[in-house]
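For clarity, chains are labelled A, B, C and D in written order, and residue numbers in each chain start from 1.
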Amino acid sequence: MANIIPTSRLEAFSDGVIAIIITIMVFDLKMSSPLSAENIWAEVLNLLPKFLSYMLSFIAVAIMWVNHHQLFHLVSRTDGKLLWINMHLLFWMSLIPLATNTLGASPFLPQSNAFYGFVFFMNASGFAWLRQYAAKHLMPHEPLQRKERAKRKGYMGMLIYCLAILLSFVSVYFSFLLFIIVPAMYFMPDSFAHETND
Amino acid sequence: MANIIPTSRLEAFSDGVIAIIITIMVFDLKMSSPLSAENIWAEVLNLLPKFLSYMLSFIAVAIMWVNHHQLFHLVSRTDGKLLWINMHLLFWMSLIPLATNTLGASPFLPQSNAFYGFVFFMNASGFAWLRQYAAKHLMPHEPLQRKERAKRKGYMGMLIYCLAILLSFVSVYFSFLLFIIVPAMYFMPDSFAHETND
Amino acid sequence: MANIIPTSRLEAFSDGVIAIIITIMVFDLKMSSPLSAENIWAEVLNLLPKFLSYMLSFIAVAIMWVNHHQLFHLVSRTDGKLLWINMHLLFWMSLIPLATNTLGASPFLPQSNAFYGFVFFMNASGFAWLRQYAAKHLMPHEPLQRKERAKRKGYMGMLIYCLAILLSFVSVYFSFLLFIIVPAMYFMPDSFAHETND
Amino acid sequence: MANIIPTSRLEAFSDGVIAIIITIMVFDLKMSSPLSAENIWAEVLNLLPKFLSYMLSFIAVAIMWVNHHQLFHLVSRTDGKLLWINMHLLFWMSLIPLATNTLGASPFLPQSNAFYGFVFFMNASGFAWLRQYAAKHLMPHEPLQRKERAKRKGYMGMLIYCLAILLSFVSVYFSFLLFIIVPAMYFMPDSFAHETND
């Protein structure tokens, strides 16, 4: 029954949810007490891990928004199942503020890092599911190479977050590194693209 | 005078409000203190009922959004009264974060469950009112079968939430079960549809 | 320079701000501690004035949104000054959550009522300014009767809120009554309309 | 790959984020305890600097929104890089609530003022970057005079915020003055415009 909803609505609602998620995280960035000449450096140091985890999550959500729109630019129609796969993705995106807050409050605890990695793993796999469902059912004429590359990229992200979960229990510095690698990867010149001549 | 407002505006405003409602609930999902190796399981256990009530409400709001759009896809024009019936629905939707927070904070108290049930009962009846007003005044050519089925579905939801309110005072496990049944019902193959050959 | 911005953008931005204002107020509606069989009635009684002031503000903001859209349905173009008169209105609307919160926290204090009345007085006058600027510069062909009626309605709202400010220092029950009269007036059959045969 | 996203989407997402930023700041405007006849003036005095910094930031964000839309009214297409330069701007805009909150909580501390100035300096330079990238790559036919004037305006804002950072360590009253000058400048008749006969 839901198959009659056009893409524009789905995009607008997703945009609203993503805009709120990306902005609401900043709400946890607050000095815990009014600043004075005495407590200022203690407060700033206290805020620093929260700020860094906010920045990391902002970039990750921004990348997801860009990908979401690139995908829905290609998809011209929707069906009920796509709508719910998208809702599934939005659910995991909505947990990003919680994961960011948890990591920012206790950055050196393995479990915080594992949880942060888990939420982003679910986001990566949620997006991969959305991408593959759309590719199979709604974009029959998409070039195979692009389909394959998108699939590979998705698996890569899932693998890295999976590694981050596991390695956080060895040392949180591994997971820090891996959390930074995903956005970095996104902005680096795409070598896979050249391989596949796309 | 309000009858000159097109549907697009109504949908956009509703979308904004629903996107905020669905996202703002996550704001209560927070560890009550920075995690450490000692307090982590206590904190997680403490968060669990809040998380489960969040998930339940997320799914319920998602279902309402899907229904809202299916309805307004069928309705091409609006009048002042529809606008206010929609506002009435948005009012009860706006109480969902309060009900979710209350249930998450004290899940085993009958009154929390009764209140959660009451808010969703009002949502179900608010949506049924919207559906029936639109069916009568703005969709004169809708097939009678579809009209009847939508009505039956609405009454079913209202009945279940009504039962949840009453049974929460017998045992909160009855209301837990009933709160899960409504979303489950939505995703199950629609046997009524087959009966009516629609 | 701002005169090149089309109305659609102004409306969309206003919609976003109003949707957030109307929803964010619900965030203050929270039990102050987890409910238990012992504290439940104390908590509910404590929440009641907050709930009532929320309901009052929800209705008032809903009315403003309906009026805002009716107005911009009539206005087809915008100029830089209208944009800023609208921003001025949004500024005063953005103070509604503060006024609602203050009234809900101390409903029997004259100053809370006076402040609530003041914020809504500024909203009413902000809207009247927007209405009159638009009527004069952007809707030259509007019937004079409608123009006059809108003016009168605006002055009426401003007068009532003005009275509410003054009378709150005599008894807060006067201001309660006046705060309820404005929405009630809006929903009552419009006798002025009949007088002017419009 | 991101170059296929039309401008409308970029604007809608930016609108959403800006609407949330401008509204969410009001959330910190709260009496710290329920008002009573005794504490009311202390509470109001306590709220005053927060209110003033809110008002200042509201006006600044409103100006940025107006400028953002004027710019994107001129730009008809987007590319991937513009999308990310816009995201960079939104990141610094998202820090405005933190800067506002910090300044409001400790208005007479040089560091609060310096931080407020820094965040707005980054916003001004982020906007200048966006303006110049768009002017160079997406608006080849823009008159040189307008291009030059926009550049000059951008540098002027950056310079003033830079001065505010430095002078805050001499006296916070200098930075207060400079923070007020930028919005005031925006509303004053544009003498540069007359000089360049545009």
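Following the convention adopted for this analysis, a contact is a pair of C-beta atoms (placed from the backbone, for glycine too) under 8 Å apart; a residue touches a chain by one contact, two chains touch by 3 or more.
All values derive from a computational prediction rather than experimental measurement.
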Checklist entry - Quick one: which chain's Cα centre is the longest way from subunit A's? => result C
Checklist entry - Do the two copies subunit C and subunit D share over half of their interface residue numbers, or under half; same or different? => result different
Item to check | Interchain centroid distance [CA atoms averaged], subunit C/subunit D, Å | outcome: 27
Checklist entry - Roughly how many whole angstrom separate the Cα centroids of subunit A and subunit C? => result 38
Checklist entry - Where in subunit B do residues touch two or more other chains at once? => result 12, 16, 20, 24, 27
Next on the checklist: Building nodes from the protein chains and edges from chain pairs that touch, which of line, ring, star, complete or other describes the result?
Outcome noted: ring
Next on the checklist: Per the touch rule above, enumerate the chain pairs that touch, sorted by label.
Outcome noted: A-B, A-D, B-C, C-D
Checklist outcome for this item: Listed in rising order, the residues of subunit B that touch subunit A in the complex are 11-12, 15-16, 18-20, 22-24, 26-27, 29-31, 34-37, 40, 55, 58, 62, 65-66, 69-70, 73
Item to check | Contact footprint of subunit C on subunit B as seen in their complex | outcome: 1-2, 4-6, 9, 12-13, 16-17, 20-21, 24, 27, 80, 83-84, 87, 90-91, 94-95, 97-98, 101-102, 105-106, 109, 111-112
